[in-house]
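Next come the structures, one after another.
Both complexes shown next keep chain A, but they swap its partner, so chain B is in the first and chain C is in the second.
Showing the complex of A and B:
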């Protein structure tokens, strides 16, 4: 196990390098040059040159890449072009909002998926199963922005149970503001998890060791927890890790719909505004966040199923 | 799969009577929904009562009625006709955005899973790197580089989407190649190509096909999301996501502009999901 952890940590290095290369390339392909984005259309050449010098854009590409890598190593990511703030500060301000939102969505989706998957699997092919699967299939087919728009209109604008946007002050207020967006985000993930978990539980139910446990006379509840849940959770964990990217992508849209000042919203604004220091800093930050989540789910999986470390 | 003399791939067990009687219903329901949709998408003019782009300032923001079953929008355009005409674009998105990733990812995944070793290690790093970028963020970034529009969206999705299929197939093939029938195939002197594509792939492809159905539903969601953000299909073209975005400021007063295109998305997604589930049951070769 320690060897597996070490190996898995080492694997992060090429991934991080790849992330940096892709982001570096992508940002330099973005349409429009940063200098005219800062200065507007009527910029004079001297000013353009000055900005390019300040941003290091007059240097050769390899030098730019070295500066780019160094900036991430030191955390000095430059200033936002439109917001005139240090990028590292913007990320530190906005990313926790998105992280809280995705964390809440992950918890809500698990709370919805696990019990329902058990009911569906144990009542396989009977009415509860059909109703649960039907309901989640509808949930899976709903676009995030559509769900958000409908929840916002019903529970925000009409019933006034929840705020129609923003982030609030203080932790509890944040959670209150993020509740509807988190439910919006959780719906499709819980459908994916439920579907997989149900299949996994059914697979385990049919496995020989469960029949054996039953024939030994073990209590059904013990079998459910000790044998079924553990094995069914392994594949769900893998899916969960894989879904973090989707969840963060969904957060981009959710934050746009609910006007939440998170990293996703910042990302969309920065892409429209061609604010490339923010785009590159944020993309790297999000990618690092996802790789760390992968690492954690992998380690959890290895802990649940030691065969994974081979 | 009746000949038993040769080393045979695992035979599907279709013993469960309840399963068999339920199976065709899911599948047929999916086929029915998608069949109807394809028909509508191919002949929208036949089904749509009005011109989807025609303004009618004498009939602005009208609620659903006999003349306009889905109501009209803020330009007096018939929402039903727009939903019908949008189905053409949305079904195109489902197919064009997924077919290349499916074919390419499946073939590559099978080879990687079978060869293992260094190929698997390299592939693992590529997969890790690609999936560490939130899919939507990456697609939005690529689309904003290439410019808004559907073709650029297909390119962006294709650049990223194959990874998921390859990952699924590689994992399955890796399991399958250790089973007795693969060993038997090798003992019989079959070529690697034959073992991979004739024996391992057919036994591994089910999850990828099922995922493909989900992926088509996801592609419609992605396409409409980009439409909603203004990066996909461009107005005034009717596309379900664009329509929802057009109606979002009228949600409290004229809900029908956004709600009906959304229902169309849900029904289409449901069709693909049912088809995927039905296929999964039909093609299930294990357990």
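Showing the complex of A and C:
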């Protein structure tokens, strides 16, 4: 196991280097530059030149790349062009919000998907199964921003159970504010997880070792935990890990609809503003986050199925 | 027009002493929903509306714009006069004025602030004070500006956010090696002289302002302004969510209501749907160069441009895009701009005339062209789609290209675009700024269109130092005539600022230049 972890950690290094190069190139390949974004339609040549000089964008690309790599090596990610704040501070302020939102969405989607997948699988092709699958199909096919607005209107504006967007003060208040957005995010993910897990459980239910366990007279609960859940979860866990990236992407829309000052919104604003330092820093931070999640799900899978470490 | 006058009259009634029918109540915090957060709270170095529109609440200027945006009122200076030769302006500071930290506002602060604002190395607004030669203080109450040449816009320039008076000492004591770094640190906890002070700022979410105990102006009840204890800005980028929060009572006001929702909110008895007069104009810019990137450009033919103007049914676009809120334009600048001409709507819809003009042009069989619109912007997409259909009637096949703002700006600046949808808002109560960008070719080639009129350039240069109001009016009338008849635009409509307020909110105003003014706002219990 330790060897497996070390190997996976080493694999992170080329991934990160690749991300650094791609991010640097991508933001510069986008048409338009920070000066155009900052000054907009009223830009006159003198102002554009002054801004490019101030930002070091008048220097050759290799020099800019060197500055960029050096900034990551020293941990000083520079200042945001539009917000005039250190990029590291912005990431430290905004990323935890998105992480909390994504985490809550992940937990909610598991809480919805796992029990319902069991019910659906055990009552295969009977009414409970049809209802559960039909319901998730609707959830899956509705756009995130639309679901968000419906939830806001019903549970926020009408019933007043939850605030109409915003982020609140203090940890418990944050969780309270993030509940509706997390449910919104969780809906489509739980639908995918539920379908996958249901199919996996059905597969396991038909397996010989389950029939054997049943014939041994083992308690049903023990069979469910020991044999079915553990084996069925492996493929679902892989899917879940991969979905974290999708969840982070979905957070961009959710954060806009629910007025949450998270990293998703910061990313969109920074891309529109051609705020190179923020786009670069935030992309790398998100890439690390996703890589670490992959690593954790790999470890979890390895724990569930030791054959994976080979 | 009637509505505008009425609204202006209402605002005036709430703002001016003695005419108000209701008694102001003090206290309370007004929560206001904005579509985006501010970026940088420095009056001189900022460059975005999200800053400009709220800066005046924190930083006061020597003079203030009137609520209708057309004239000037006293600010930190109680009196001002322009010399007979128009080569200097003298201002008298009020007695006992203080910054929000309680320190006195001195003539040194004023000189330092104005010198910083007009320094050509500082930001993009210094052109507004370019005519100033020196700023001096003959005594500790008097400020004197000497000018390089007469400047008819200089008094209006002293109401603009970039000429705000800042505390020299506090600014210079801010952390940072350079002045730019000091500005960045000062801007995170600014000390100004406006009606409010920044209390806290949670980026991207909430900005809290509290009342400035040292603010100079008196309210109608004889006590110091502002009436409110504070203003809280909530950043809510999604239009639907912003309106939902207003309707649920979590907000006292919300800005930039989409036109599609205006009628609905007007019929809501608990909401006061304001349409504040603005200087915002919406138009199409056409590249009129003979060729673009080696290709022949039909838009260079004046007959083609005139035909397109007549074939554009502005009234239909106003209905479909602004849901009837907008109004047709009479000249390229908004009707709220001083010296704007009004000889009836420009290019009333006339398809037959348009077809005739196309037949006379070099492209009687039509041509293919394209237009840039901001991706995802419903107004711009709506305008372009309507025009695509209207212009197909005169044989023009127009491709709609959706791009993001930075991409569009780049194509625009390099003169590579064919057409684009565009909007403009004035920053100063003077026609000089918009004319410099639209018509005076040395600034940006007349909206980067390549259009040029020697006569307009000469008239503009003359008007910039013409202090005889009547003569300047004639010069501007002629500039507008030339630009409106031969220029590189299709003027579409002007729109107000749609702001929705709770019924119990009074005295708030967004002036035609965009500034949100909270100093006279108050909340009914």
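Operating definition for what follows: the second predicted complex is superposed on the first by the 282 of 310 C-alpha atoms of A that agree within 3 Å, B and C clash if a C-alpha of one lies under 4 Å from a C-alpha of the other, contacts with A are read in each partner's own complex, and residues count from 1 in each chain.
Please note the rule applied: a contact is a pair of C-beta atoms (placed from the backbone, for glycine too) under 8 Å apart; a residue touches a chain by one contact, two chains touch by 3 or more.
Here the structure is a predicted model, which means the values were calculated and not measured.
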Which of chain B and chain C A:294 touches, first, second, both or neither: first
Chain B versus chain C as contact partner of A:286, first or second or both or neither: first
Touched partner set for A:235, first chain B, second chain C, both or neither: neither
Which superposed partner A:83 touches (first chain B, second chain C, both, neither): second
Which superposed partner A:64 touches (first chain B, second chain C, both, neither): neither
Which of chain B and chain C A:149 touches, first, second, both or neither: both
A:160 touches, of chain B and chain C: first, second, both or neither? second
First, second, both or neither for A:52, with chain B first and chain C second: neither
Chain B and chain C footprints on chain A, overlapping residues: 30-31, 145, 149, 152-153, 157, 256, 272
Contacting residues of chain A [partner chain C, same complex]: 30-34, 36-44, 47-48, 50, 54, 79, 82-85, 90, 93-94, 145, 149, 152-153, 156-157, 160, 163-167, 256-261, 265-266, 269, 272-274
For the chain B and chain A complex, residues of the former touching the latter: 18-19, 22, 124-126, 128-129, 131-137, 140-142, 144-145, 147, 214, 217, 221, 224-225, 228-229, 241, 244-245, 248, 251-252, 255, 258-259, 262, 265-270, 272-274, 287
Of chain C, residues touching chain A in the complex: 36, 39-40, 47-48, 121, 124, 180, 184, 187, 202-205, 234-238, 240-242, 244-245, 247-248, 250, 403-413, 422, 424, 437, 443-444
Contact set on chain A toward chain B in their complex: 11, 14-15, 18-19, 22, 26, 29-31, 125, 137-138, 140-146, 149-150, 152-153, 157-158, 202-203, 206, 242, 245-246, 248-250, 252-253, 256, 264, 267-268, 271-272, 279, 283, 286-288, 290-291, 294
